[in-house]
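One chain, subunit A, appears in both complexes that follow, with subunit B as partner in the first and subunit C in the second.
Here is the complex of A and B:
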């Protein structure tokens, strides 16, 4: 009976895994199948023409990368500070739990709500206008919990003995942070950043009010009122509004480029993630 | 780092040479020390007097609070916010627990060796300099000289002199423990705290570390926690025995090895 239960569980797990893999493979396959025909050198190196019916997505790629770069610059210091606050500075368990809950709630805020918030605060109140700055900062804020949690978990898995040994050598708390905690937990930070960026790359809702337009922009000329083109918004608009059948294949092409970008980010994070597992096993 | 003001004496004026034994003036004095974890009492009314340039052994069953007591001596115990310490500890007659004493500067002058060697995932050389380069800027020449001096004092130089830039994790556990000792010695501490430093080592490495302790106590004061009574007999000049009474660790005996352990314990190694 127990053995049958074991087998049943393994079978159920196998079926679920196969289903998940199947869905993923179908998505990847469909996008590649339909998008591959649109991908060409001009598609990647030319700017958008005739409302997406011809030309390429060069400035959509650059715009997405600019937003990601800004998001990275915003989230790296703030998320690190939050993680250090949680793992090092806060000494009461209660305060730590509250911060943890804040991060959990934060990561659950729908992206469209972030979009509205950004519209209200950055675009209107701060007067940044629709600009890569508004969108980049907003995406950075959205990434915060992902990055912080990854770093907190890494710090948590760092054996206490390292901090103790460093403190016993007379290192101050900030020296322990800079010389022991951050170097040894850098891979957690990198993992969190890349996972956060991979998700931010595909977000449409937070940037459609704050940072991106469909056409008529190239590289930003300033920081205020300087919107960019982006891949997700390009896909969003084309797939909704375009009646031109020529645009159809190009939507899939843009989707494939975006997918490639996100997968590249995830792949970059892989070695760092593997190292964490190795160290967890070694203890 | 204002160790001058916080600790009083500079290293050059440290302890006048004197014979070993409990009658020389105390370097380190523990007075009425109590440690609590919440409402739990871990150590009760500990009074100790440790003379300079001796190996002071702390023995007792596990869980009696030996390590806890040791961690009070360099205030490492304060890293654990759930523990509360009462009483006083004097180093050369000055309290190390008063608020104006910088705990970091204190720890730089009271070295510590843990049960298991803790090497940082950097090179052997950087491990040796890990503490000292945070204390003061070092020229390349100074670094090299200091690395060599510390590794020689820890009897590791000959084994690693050709591979100082290799990862320290490549060393054997016994070598790692001596590397940790070198790292502490690089700071030129006047007191070395050792928390069962040989318990994770094989017999040969443990012997090497014991020999080092015997050598080091000529120049430094060593407080050694051990559950190995044979080791206590071999290296300690003075012993204190901690035992739990009603669940609370107390010093039950202090004196020479013979006084504390009896004339000869056949069970000892």
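Here is the complex of A and C:
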């Protein structure tokens, strides 16, 4: 009886794990299988034609990268500031807990709510219009908690003696930040940024009202009212509106390109992230 | 958890409190972030005021949404959101818990990192790709499976729920795995030393201690499910005003529906901007969604020790 329970529990857990692994394999397999046949050199280097039925996704890739670049520039200083505020400047444990809680709920905010807010604030109130600027700033603010939390976890795994040695040398608080904390924790920041970007790259809801259109844009000419094409929105529109089978086949190619971009970003971040996380869990 | 520079402060409190450039920048950028968040909440509240004036409490309880007639009732969409999330959780919870139990208690140590890595990758797949898979693969399967009940199409609340279950599965797994591994290994060893089998050790020693974390994992996953828009939009059918006649029948699951998210992602948001009342109604949907999600995420984050709370979507 006892052994049966033991076996049963392990078996049940194993089945669940196998199911989850199977789902992952199916998803990756389906996209790779169908996407690989749609990808060719012209597909990557030409612009969209005939509503996605021919041509390629060059400007969708460039648009996505432009948005990510803007998001990176926005979230780097703001997320670092929040992390430093949490780990260095805030003195009361309560205030730190509150900030941590804010970051937790921030990362839970539905992406469409960000989209609505971006439409209200950036596009209409600020008058930036549908533009890579609106979308980039919005994505930067969305990835804020991911970046901050990664940096905070890294700062907390920093040995205390570093801070003590710096203090013994008479370094001021700012000097400690610039010459001890930030250099030592740079990998945490980079990891967080990569992960945040990986997530931002696939977001559709926040940028559809603020930054992206389906066709008719190339490289942006200005800052305001310069929408870009993006991969997620391309997939979004093609997968539901297109009746043309040629476009239907190509949507898998776009999906594979997007997946490749996202996976590349998360794969680079993965080893460092797992190590930091394991340390944080043990500590 | 103490700040790294505590010792530095003892040098001279006055010197440490001086406003250096770094300090000013940190506070300025932090203030910017806080202002952004506050502005988001306040703006959604502010912009939705007209619809609360127009509909009153009926905005939440009304079942009819006809924007051409300025009739706005969000009940059917709230219902859709709840049903879809419930289906997702009912499917993802047992599988996620079971898989986490397997990875943390059974799998040998050297397998841990690859498995954890795969879960993280699964969590990173963009929702629009899930939506695409839903449209092209899942929808037909669901349609075929529901054949005896004569569904109109494969776009149903059930399809959206299944798709969401797959999407939140990594969140459940990874947070549960963390919670289980938070229980010290020494306790398992002690339990085994007393002659308990592995299953008994897990059930009597590990699970009770990890329980909070495992429930928190579900709450955070629910938060994610509530916030997911694109994939749901693509397979939910987007039929307005689907308030079921009988709340306890399974029939609504096999029909098209609308969730708060799918409504907001749709083209109606663009149309609404010209009409203040219509726009307020859309903003109000965003506010309801935000309040639901924030509440659930907050509850989930509170249940875990702060150290273990990481970005729930990771």
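Rule of thumb we're sticking to: the second predicted complex is superposed on the first by the 252 of 283 C-alpha atoms of A that agree within 3 Å, B and C clash if a C-alpha of one lies under 4 Å from a C-alpha of the other, contacts with A are read in each partner's own complex, and residues count from 1 in each chain.
As a working rule, a contact is a pair of C-beta atoms (placed from the backbone, for glycine too) under 8 Å apart; a residue touches a chain by one contact, two chains touch by 3 or more.
Every value quoted in this text rests on a predicted model; they were computed, and no experiment measured them.
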| item | value |
| --- | --- |
| Partner chain(s) touched by A:94 [first = subunit B, second = subunit C, both, neither] | neither |
| Touching partner for A:172 - first (subunit B), second (subunit C), both, neither | both |
| First (subunit B), second (subunit C), both or neither touched by A:221 | neither |
| Partner chain in contact with A:2 - subunit B first, subunit C second, else both or neither | second |
| Subunit B versus subunit C as contact partner of A:164, first or second or both or neither | both |
| Shared subunit A surface residues [contacts with subunit B and with subunit C] | 91, 162-164, 166-168, 170-172, 180 |
| Complex contacts: residues of subunit C adjacent to subunit A | 1-11, 15-16, 20-23, 25-30, 32-34, 36-37, 39-40, 43-44, 47, 94-99, 101-103, 105-107, 113, 115-122, 124-133, 135-137, 166, 169, 173, 178, 181-182, 197-200, 202-203, 220, 223-224, 226-230, 234, 261, 264-265, 269-270, 273, 282-283, 286, 289-290, 293-294, 296-298, 301-302, 306-314 |
| Contact set on subunit A toward subunit B in their complex | 91, 161-172, 175, 179-180, 184 |
| Touching residues (chain side subunit B, partner subunit A) in the complex | 1, 74, 76, 79, 81, 104-109, 111-112, 114, 116, 118, 120-121, 130-131, 134-135, 180, 183-184, 187 |
| In the complex, subunit A residues that touch subunit C | 2-3, 5-6, 8-10, 12-17, 19-21, 23-24, 27, 30-31, 77-78, 80-82, 84-85, 87-91, 93, 96-97, 100-117, 119-121, 124, 141, 144-146, 149, 153, 155-156, 158, 160, 162-164, 166-168, 170-174, 176-178, 180-181, 195, 198-199, 201-205, 208-209, 232, 235-236, 239-240, 251-252, 255, 258-259, 262-263, 266-267, 270, 273-274, 277, 280-281, 283 |
